[in-house]
Amino acid sequence: MEFCLFLGCNTPAVRPDVERAIRATMEELGVDLIDTDNYVCCPAFGSFPSTDEESWLATSGWNLSLAEEKQRDILVQCGSCYSSLRMGREHLMHDKKMQKRINELLEPTGRSVQGGSKIRHVTEVLYREITPAKIAEKVTHSLEGLHGIVQYPCHTLFPSEVVGFEDSPREPKGMRELVEALGATVDSYSLERQCCGGAGGFMKSTPEQAIQFAKNKFDAILEETKADFIAVSCITCLMHMENVQNTINKQIGEEKYKIPVFDYNQLLALCMGKDPKEVSAITNMPRDAIHDHIAKVAA
Amino acid sequence: MSKFTKIAFNKGELNTQLSQLFSDMLENNAVDAVLAPMAQPKKGVMQTLVTSKENLASMDPFAPVMPVNSAKLVSSLTSTPSGKRIAMVLRSCEVRALVELVKLKQANLEDTLLIGMDCHGRYENTDFLKFQTKEGTSEGFLEGALNGKTESDGFDVAGACKICEYPEAPNVDIRLCTIGSGNGTLYLEAVTEKGEEALTKAGTKFADGPGGRADAVKKLAAARAEARDAVFASYREETGDFNALDDKLSACINCYNCRVACPVCYCKECVFVTDTFRHKGEQFINWANSKGTLKMPTDTSFYHLTRITHIAAFCVGCGQCTSACPNDIDVMPIFRTSAEKVQARFEYLAGRSVDEPQPLSVFDSDELMEVTGQVK
Amino acid sequence: MSEKKPTGKVLVAGAGISGIKAAIELAETGYQVLLTDASTQVGGILAKLDYQFPTDHCGMCRMLPMVGREYSSEYCMRKSLYHENIEILPFTEVVNIEGDAGNYKVELKKKARYVNPDVCNELGKCIEACPVEVDDEFNHGLTKRKAIYKSVPHNVPQLLLIDKQSCTECGECVNVCSTNAIDLNAQDEVESREVHSIILASGIKLYNLRDFEDAKSYAVSPDVVSSLAFERMLSGTGTYEDGMIKRPSDGKPAKKIAWIQCMGSRNRRQNRDYCSSVCCMFALKEAVLAKEKGGPDVETTIFYMDMRTFGKNFQRYKENAVEEHGVKLIRCRVQEVIRKPDGTLQVRYFDPLTNEFFFEYYDLVVLSTGQAPFEDHKKWAGLIHTDLDPAGLLTTEPYSKVKLAGKDGLFMCGSLMGLTDISEAMSSGIAAAGEATNFLTSLDVSRKFGDDTPEPKTNDRSAPKVAVLVCQCGEFAGAEGLDTKLLETELRKVKDVEAVHIVESMCSAEGEQEALEALKKSGCNRLLIGACQPYMYRRKLKDVARKAGFNSSLVQVFDILGVSRRGLHEDDKTAWTRRAIKEIKSDIASMKEKPALHVQSQPINETALVIGGGISGMQSALSLANRGIPVHLVEKSAELGGFAGNSIASTIDGLAPMEMAKDMKLRVFEHKKIDVHLNAQVEQTEGTLGSFESKIVYNGNGEETKPIYLHHGATIMATGGHEGKTDEYGYGQADNIMTQFEFKQGLESGEIDLSETENVVMIQCVGSREKGKREYCSRICCMWAMANALKIKEKNPDTRVFVLYRDVMTYGFLEQYYTKARLAGVIFVSYDLENRPEVEIVEGKPVVKFTESVLDRPLEVSPEYLILSTGVDPEPSNKDIAETFKVDLNRDGFFMEADSKWRPVEFQQMGTFLSGVAHSPMPLPDVIMQAEAAAQKTFTYLSGGEIQTARVTSSVKDALCVRCQRCIVVCPFEARSYNEMEHRIDIDPSACQGCGMCAVACRNNAAEVSGWSDRQLMSVIDEKLSDDIELSTT
Amino acid sequence: MDLQTEAVKDLWKDVDRLGDLLHCFNCSTCLSGCPASYGDPPLLVRNLARKVLYGLEEELFEEDTPWACVSCSKCEEMCPMDVKPFELILHIRQWQSTNDETRVPPSITEIYRRGYTQAVATNDELRAELGLKPLPTINKNEEQLKLFQEMLMKTPVVAANDYMFG
Amino acid sequence: MSEFEPKIVSFFCNWCTFTAADLAGTSRLSYPPNIKIIRVMCSGMVDPKYVLKAFLNGADGVLIGGCWPGDCHYINGNLKARRRVALLTELLSQYGIGPDRLWLRWIAASEGTMLKEVADEMTAKLKELGPSPLNKTAAKVA
């Protein structure tokens, strides 16, 4: 299995430890990752997709053409990148006129978009291609004894007939099974499938409500689960769910919300015995308890 | 509307005055015939149908006797209409029974002029003959009754009359009012337009009614109701158990006289005398077998209980059933007590109104929920 | 003559209520029916519904025949069905159809049950023994069942089966079965049959909530249930025996319940751009029942989009639900149902009244699931070798809902046409039977009436001599059987019992012969036969008895298994035998008192009278006349066609009523069997089914013609209706304010030119669905609005069209036109009665002010045309006709059918029928369907030349009767009347259903129901009580 | 308000090029699961669709709520009429950006300049610490970046606001 | 003497309650043998005579089973039955045969369970009440 790795911007710029984790785990799982040289912004929905169709699709097309050149599907971790690239590709595939126009624009690069490369989310590859069973075999450092909850990336659920690799978007199971494969107990709670609220302009336009929105979710987690950690699979979820806990704590003046948040690949890497200093180094929410637990269980 | 006219009469002239009135009605074509209690040539007073004014002389409506509840007679006269208008002098229980018969399509009020007389009760038929023998007169009886005394030596009005809470007849066109009229006076009350028209035709001038009549009627009714309640209470006390009923009916010989006398038992032939109850010998033996003994004639309680289910809603309490019993079983309270309960349950009152549907011919899906106690 | 012709035979595929109805109608008409169902039982979805809309009651049995009812089952329909002319094959699928019109060869696959019903004694020991427990699909998983089970709890016979999917083949059931009824290796069997015609009545599947992604929290909370599952919660045989509605998750009472509408319907995303028609009323009914069952503190809320109360009396039902029962309606389609930790279900919705978000918490959420028709249509299309229409549905002939296009002899009915309510299912079943009858009439086939074998002469005055015949087929042999020796000895002791005979097996030819011999020898005149499953074999047993010389009415067949075991808890041979003896003895007691009853045949005048010459009337007339029934068609105006036939050139679904009517008129006038009476009215009528006399008066153009008297056997009221009038919204004050119809006319004639038109406003429900006005939905106005709006957009796409509506009533597949209209840019704005549009006339032109419901702000439009949907009014002449025929009108002035669900095209008064808009406003295809149905009912009664009454009917003993007429008042079937001339009570034996109300009302048995006399009943009471002594001593 | 004077009749044609929004029957499904609908003012996609349909150009021009969308696509998942509400939001944003330069998101200038909105590949030291090689990003490849910029310059909004990209 | 076993004459409507009794039977729901079932076409067909007859001939209780209001095959026979039972109750109560001994119950065809419950309940109630006053007499005589 070989993919063009599309890292987007936040991962390499802010959380390269996640990138490190992905590279480490994929290697272990026998997935080869090729760097997508000269890739650009996916583009984020707040950018070209909000100005005009042509610049959006030109940018998408740019990225797609790079992968097509290498005849590989694109592997993404960031939910927004996944969604934007996917939609861009679909628009191009459905709108032949637009595809023609974008290929005109791409002409100077010598590349083009024909639809040869598909957009794959890392969760999908882990769940559908690798499978939780295979992952469980690779675990050397189990999460046994820990309770976790999962945050599904909205972009991998909706619209289900386009993206859906889950049997039912009402009852997604992928993330849950993947985390369970690591030995942890996954708790359910009522707002499990609610968006983290971190993407787009919600936080920017009405921060107060956006924080309250997130707070409801965390309150439900605290009340309804014994979560020691949160597993996500989208860089926005990761950053937002960490940040917003600190923001709320600041607002209420106590350290009430402090559940560490991990990208799934980080957890997986830890369970494969990778060094936390490499794959789980950057955070503003202490993760020591989890790191220690893993070390203890392994010992 | 109620209009009154007064008839003052000298002693012995009440019946003459009344004969005159009806004679005027006939003469002026207010009616074509008169049905009224009339003295019979030798003895007794019976309802008599008269079509010519000459034959009205023996009229005696206030005679304290009711050989038969006239509702049945009216039924015969009107169920297939004669086309003639008939004035009918009736007691309250007769009118009320008649109302039920109308609803049962056994009588027709279209051509009738109903004249209800204030009722002070009636003697049993045999007592009345004694009363007549002793030269008792209607006027004399009336006078006594108005003073609260109805008994003659050794006998009084029938038990049913003592507890009859309807001294005044409802649903009539004209009333012959004695209660609250004072001695020697009789008021005629035109209750309906039909009544007023008839009286007018007969040349009557209307004037003030008797003052205090309403109160007097009320008082009398209340007193009788009180008596009724006492009778009911003691009857219920006596018969809380089935054995008591059995005992009461022990002398019943299945003569069915009670039902023949009953004005609202309107069947041509009682079901108990039809094939339905013609049992085979084998059956009697079986019953005797299973019960140990079998009192015969059989089906006596069955008959009376069935009769209650048939007439409880219509019973007007005239007491003819008791009067008719050859074995002196006082059956009236059996029927009246049940009738009271049944009629109360269905918010129905026998004889109250021609327009009120009888309890077992209407029904509603949202009623009597307590019977099953079930909600969907 | 006709004996040599084969009897017409029809396959009805699907034994839901429409299939059953079609089957019964055909059977009553004299055709043989093969009734199959893929499921294990008959009754379809109705088997699950204890409470049926709109009366919230069950009344399924009211669809059984009224006349000749003895040829059919006379017991609860949920038990099962029996009819002499119907062969029922449950658990059978149609797998192949070959051949052509009138000559079809079908292959039927009888699915293996693994339990042989002929041998099974239904004791259910196998069920107890079975270790496998799985969700019971009958109760939607709310209860459990075993791998060997009874698929429907109340079916009789029970017909056990094994669900091979969950069966572990452990063999426990085989071990405990004493009759060797179980064969785990049983195979499906395919059998081939030949039929003349086929009616598809398979219904359709319902949307499976698990299959689709917008299924709310169905997948995650057991307290989110489908509407059918909720129905099982309400049921007496359902999940909660105490009748309380509980949360499946924890069994706590459900005090707050929400319904979410349109699950799986009105969903373009899932390729379901249709409405499922029945869910709105279904939800209302469920909400009302929840209130009634759970008490006033139960809160019920329905989240809906349009409350589609389009059927007869639906609107009133809705108002009652809201006003009397406090059912809350919120116009909002909610998305999220979130299960909170305590189990409550959180619903967030946007309240359209306040324009605010709310959270509400419910104990139970019911998802109103709609239809999923495509798979079924595809399957049938494959089998009958036809193409589906672009929408994926079977195509029907123009104007017909039941005739499959281009396929002679193939029809459909019921929910295969799109989900139908009970009334429509009935109409369609009858209509399909009617079309099939039409078709069969054109073939060289015959019909079979009642019994061919003559009744043996019986002298029922001779002393009763009773024979008892008991079949002890296989199942009695085992330890569970009866002690036949004891039975025989005890019965021989009973007086008048002259013969007791135990037969090895009545089912076998030898057994039959043995029984015949024994009976012939017995010299008895009354007979009791005990056998298993008498529901299935009664006919055969009675035939044997008749051959042996017994009068049918003096033969009684009883369920020996049932009577011996009914309610007994011990598995004790002696107890069973004693119970059987006791029951048989009381039957003997009744039998001894029973007179021989005879079927009377009443001659029938086979002429039909049809009142109303609109499309409905003409359709009924033609349909009857084509089958040889002479028809008088009476029309009060000077021409045929009615409102639709004379005024409506086209409809939205591409029909052309005027053109069709033109053709129909021609055919009517030319038909030898039809007498048309124009300018004519029925002034007076008298008689009963089979012999009416009606006085017809003419009032044409001042020329008074002499009245004539017509003799006819039945009457169809097809009086139709017309567009309603209004003085609201400035109608009459400006030229450009007009009704939908007027606008349509204007468009069609070209008088209206839209090229310069900027704005058009339509107001729906003018004077409709409103107290004190038209208190009903007229059903067609929304379609007219769609049609006109689309026309406007077609002629001038720049014209802005606003449709102000209360609820868009594009039910069923009509929804596509609503979608089309929106797609064309028509703007739909909802309003409610508290906030209705206002129209001001400014300089002779209307200005419409209304509230934009979504944005919640006032808007103003000055349209070039203001179009009002004024609904449909009933014909005013209905009132006189109702009086003349002594039938009832409902509060709205439409005729009142005998039963709003089960007898939609008949009146209570036998021999009178109704169809079309006389019933209620409805679209043309429905009118035609009803007209066909009414014709079929009429045909069934009239075409036999005579009517055979039931044996059990009431009578009057004239000599005892006092004519109090109480029996007339209490008769629910208007079978009794007072004959003024003869001064007696008359009975219409065809109308009499033998219920015995008259007999009870009559004090002295002047009225009596033969076969149910007091003597019989009282003997039985005696018998039931006397036997006890014996029982208590043991 | 008076529609005849205040509304642009065919605004929807400008805004929603797919025409899907015409399918909307105002059922509100799009609202109840939307994160941004919790905002103040809430993002009400249904109402936006209505404004587009009525042609309330001025109001729509002033609408900020489309920019609060979190792009989770749940509305799209739920809409029974396949109106594609998320696409509608993007279309409204595009329409606003096209017709009002102040709406143009500044992030696009960053993408134009360096390919990303974030400073990708400026943290080689940190990466090395984690055992990661430098990333071959476009900002390190002038030739490709130029081609990218030239391409963007041919697209309408960038071209119309070329001063921003100088 | 063995425990008193009340005799309950039960008139069950053919369409609903009789079917329910059948269902109870086939569902293996046993109910007391004290219930002596007499099938009638409709609860509205039960003449008051039958009830009286039953009591007079030794029944300790009478149970009439009909369709729920609205479900009656004959439209409203059950409503008529209800009025008659009300009447009979008024009459019989006077003689010691109270409403506990004459029951009318709506039991739909599918309500086999309810049939069993009613039968159990009535049997238990009558055991508690003891023999009908009419049977006491009979016992005395015998």
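Note that the chains take the letters A, B, C, D and E in the order they are written out, and that residue 1 is the start of every chain.
Everything that follows uses one rule, which is that contacts are C-beta pairs under 8 Å (C-beta built on N, C-alpha and C of every residue); 3 or more make two chains touch, one makes a residue touch a chain.
Just so it is clear, the structure is predicted and the values come from calculations on it, not from any experiment.
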Set of chains whose contacts include both chain C and chain B: E
Chain closest to the middle, measuring from C-alpha centroids that were averaged per chain: C
Between the pairs B-E and A-C, the one where more C-beta pairs touch: B-E
Centroid distance [mean C-alpha coordinates] between chain B and chain A, Å: 98
Chain A-chain E separation of Cα centroids, rounded to whole Å: 71
Between chain D and chain A, distance of the C-alpha-averaged centres to the nearest whole Å: 21
Averaged-CA centre spacing for the pair chain E and chain C, given as whole angstrom: 32
Where chain E touches two or more other chains, by residue: 48-49, 53, 57-58, 68-70, 76, 80, 84
Multi-partner residues of chain A (each touching 2 or more other chains): 160, 169
Numbers and ranges of chain B residues touching at least 2 other chains: 271, 287, 290, 360, 376
Chain pairs in mutual contact under the definition given at the outset: A-C, A-D, B-C, B-E, C-D, C-E
Chain B-facing residues of chain C, complex: 51, 56, 289, 292-293, 495, 959-966, 969-970, 983, 1001, 1003-1006, 1013-1015, 1018, 1022, 1025-1026, 1029
Chain C-facing residues of chain D, complex: 1-4, 9-10, 12, 19, 22-33, 37-38, 42, 44, 46-47, 50-51, 53-54, 74, 77-82
In the complex, chain E residues that touch chain B: 48-49, 52-53, 56-58, 68-70, 76, 79-80, 82-91, 93-97, 103-106, 132-134, 136-138, 141-142
Touch list for chain E against partner chain C, complex: 2, 5, 7, 9, 14-16, 18-19, 21-33, 35-38, 40-42, 44-50, 53-54, 57-59, 67-71, 73-77, 80, 84, 108-114, 116, 119
Interface residues, chain C side, partner chain E - complex: 50, 55-59, 61-62, 74-76, 78-79, 122-124, 153-154, 156, 158, 235-237, 241, 562, 565-569, 579, 586, 970, 972-973, 993-997, 999-1000, 1009, 1012, 1014, 1017-1018, 1020-1022, 1024-1026, 1028, 1031-1032
